[in-house]
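Down below is the structure, laid out as structure tokens.
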Amino acid sequence: MTTTFRVLGLLALVAMALVPVLPLGPAQEYIWHVVIQIFLWSFVGNAWSLMGRFGLVSLGHGAFLGVGAYATVLLWNFYGMTPWLGVVLAVLLTVALALVVAYPCSRFQVVGHYFALVTLAVGEVVRLWIVAERDWTGGSLGVSLKTGGAASGLWTLQFADKRVFYYVGLAAWLFGLWVWWRVDRSMARSAMEAIGEDETAAASVGIRVTRFKMGITALSAALTALGGALLALYLAYTNPDTLSGIGVSLRIVFAVVLGGMYSLLGPFVGTALTIALSEYLRIYFGIKLIGIAETIYGLLLMIFIIFLPAGIYGSIRAALFRRRWPRPQPS
Amino acid sequence: MIEPIFILEAVVNGILLGGVLALLALGLNLIFGVIDIVWIAYVDLVALCMYAVYFLVTLYGWPLWLAGLGAIGVGAGLGVLVHVLIITPILSSPPINQLLATGGLLFFIQSVATLLWSTDHRSVRVSLPTIEVGGIFISFSRLIAFALSVLAMIALYLFLKRTYTGTAIRAVSQDREAIALMGARPQRLYIVTSAVGGAMAGVAGALLSIQYAVHPYFGGAFGPLTFMICVLGGLGNMVGAFFAAFIMAQVISVGGVMVSTEMGYVIAFVIFIVLMFVRPGGIFAKRG
Amino acid sequence: MLELSQVTAGYGAFTALWDVSLRVNQGEAVAVVGPNGAGKTTLLRAISGLIAPRAGRVAFEGAELAGHPAYDIVAHGIAHVPEGRRLFPQLTVVENLKMGAFLPAARAHFHESLERVYTLFPVLAERSAQRAGSLSGGEQQMLAVGRALMSRPKLILFDEPSMGLAPVMVLRLFDLIRRVREEGYTILVVEQNVRQVLKLADRAYLLEVGRIKMEGRAADLAEQDFVRQAYVGF
């Protein structure tokens, strides 16, 4: 990272940290709301891209979101368990689910299409199960987070002031970027890329294919579950369609692909754009054209995949780098 | 303890359900086996064909059987459109791009349907009787759907086995380069395959429309199930998909009666995962 | 009949053929020999259209065919029996032969061609309903040749036909090619088994590392010392 990047990055961070303090006018609550969503969903997007960039295309991340969200909320609602603990349990539960699904897939080379279909099925089944167990999950109507009442605050992670969640979101997002960056620089990355190219060859040089695949899946699932839990805590409500199922799974994927699957900030750019777009459409069209946002997403996803697979951010970055470094001179 | 008669009824209904599920799985498998791309949006295309039946009947007053034929035509047309517009540009892209493209299509279809026709459930009012056979109640529409789906599968079989084009389609799935050396254009064969796959979606749509109401997220109900069936039978394996469809249909039907409808699906999924552990290539994976 | 002029071809960044020129006259049997990796298979693929040459011309009976797709080149009368035979394993013998006659012109004479193939290779008639994948190596080779004949070609390209065959079968194979030649077809054979193929060919070319190193009458080439030393008894 060059000095320019570092300075710019630092400035951006300072600016972001200051947002809640600046007087943003009457719409400030709304702005914080949108930005919090952008942070949390980008966090989830980065988590997904940990798998996506290595060819493990999961179309069922909604399952991890859902389990993370529901477990946290229900543990609080029924047992009064503080989210600090609840989130941990939720993450562990999600990782268990991920490992159960990932094991046969990793061990027996279920890749590409097979894998995507399996994850699709998992995502939907989690949603169906949530709906089926409506007695205690609330079914399709969802479940609201019980207010902590007098005990609100750090213990219950419920805050009246959105700004606290702003910082929570910012912290989570930065944490996700850090994890992504660490993976990017680790042995795991080279191993996963080797596995992605040729699994048998990778295995023959001693790469523990199963372990790596399961590890990456578990990591991705854990982070996604955390994201789901945070979203549920923030929105104080969870519902099987907003936090599980195919729709949300595809929305995550779309945002990441739009921004660029192989870059650090790609998911952030993509998520920011999609959320901004959907908010704009909602304001502009109101309830008149339900589904217009998703229609545009679907269309853009197809167009991007065909013409711009590196995503917006990824393509810009590639173009910039090409111009930055001079072409190697022919010898 | 549930009375055995209900279990028997569930078994029979499971067989009937299996017919249509098999049809769905075969269409998907045909396309995957030949073109090597999974149409994630396949069941949503089926939903579009169901909408076609609905509108042909309610808006244009077509008789049901004609609307069914219309749906087949719509399906075939959609199949070709999807192949030409979306699949052809990504034929040589990495699998992730192919999955995302058809995933995007799924997204697109579901949201366009919501946009155009809202989330209302729409059903073709068909009042077909329920017949009773030895204490078991069978819906006549289910029976017809089963019979017609079997016919459709036989027709597909004959097409693939007996006709020149059908044999060529089987050949291209076995060796794409070699078939080009015989003077056949793989691209054209792909288009025919997509049309046939789409037509089967049309048949499935027509048959489903007399049993279920259609809504934009119908694909979400049957899609994952179809995929599980295909994976279970071995992706690309037509015979495997056929049997896997009936197995899953039994699990869902009997499970649905013994516990609850949604749990029937969950149980089916659990069994699916277990079978994945045991036979990851699909229970009918070819050895060697 | 067939004329290659300075054909350069390869895969991606890798060039397998450099400036290759060769000629096959009507009625001839021409062999191209050379070691592994010389580019022999690339040569045939460039002729039959599976890959497009980067430079040079491929003229067949006057028509310029370089860059044309495979299905078009077959229509001009060139049949390619690929390396490894590339049969359709799940299809039966007769279905494979049917595929060979895919072209409309060939389909019109399907029964005639089928008779011819069955006369040449009676074994195929016996096993017509058997899956191609379950045939023996020799039978598969016959089927591959028969399939090529179904397209009623003028020129037949053989890519390493003896590969994977037991030594006994190899002799029968070259007999088979001789018989095909006697039926009137022009053939171009690419082979590693130098001794056998030079016995059956009229003329031959030596291809090494993508370039033609030698050409001449097959009998003359067989005499060459270093050819003998390097390849005979291979």
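Going in written order, the chains are labelled A, B and C, and every chain counts its residues from 1.
Just so we're on the same page, contacts are C-beta pairs under 8 Å (C-beta built on N, C-alpha and C of every residue); 3 or more make two chains touch, one makes a residue touch a chain.
Model, not experiment: these values are computed from the prediction.
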Seminar exercise, completed: Per-chain Cα centroid nearest the overall protein Cα centroid belongs to chain B
Problem set entry | Among all chain pairs, the one with the most C-beta contacts | A-B
Exercise. From chain B, which chain is the farthest off, judged by mean CA positions?
Worked result: C
Exercise. So how far apart, in whole Å, are chain B and chain C when each is placed at the average of its C-alpha atoms?
Worked result: 43
Exercise. Distance-wise, how many Å sit between the C-alpha centres of chain A and chain B, to the nearest whole number?
Worked result: 31
Exercise. At what distance in angstrom does the C-alpha mean of chain C lie from that of chain A?
Worked result: 55
Seminar exercise, completed: Contacts from chain A onto chain B in the complex sit at residues 52, 55, 57, 59, 100-101, 103-105, 107-114, 116-118, 120-125, 128-129, 131-132, 245-247, 250-251, 253-254, 257, 289-295, 297-302, 305-306, 309
Problem set entry | Touching residues on chain B, where the partner in the complex is chain C | 164, 167-168, 170-171, 174-175, 177-185
For this session: Using the touch rule from the top, collect the residues of chain C that touch chain B in their complex.
Result: 48-50, 69-71, 74-75, 79-80, 82, 86-91, 95, 98-103, 106-107, 147, 151
Seminar exercise, completed: Residue set of chain B touching chain A in the complex reads 32, 37-38, 40, 86, 89-90, 93-101, 103-115, 118-119, 216, 220, 223-225, 227-228, 230-231, 235, 260-263, 265-266, 269, 272-273, 276-277, 280-281
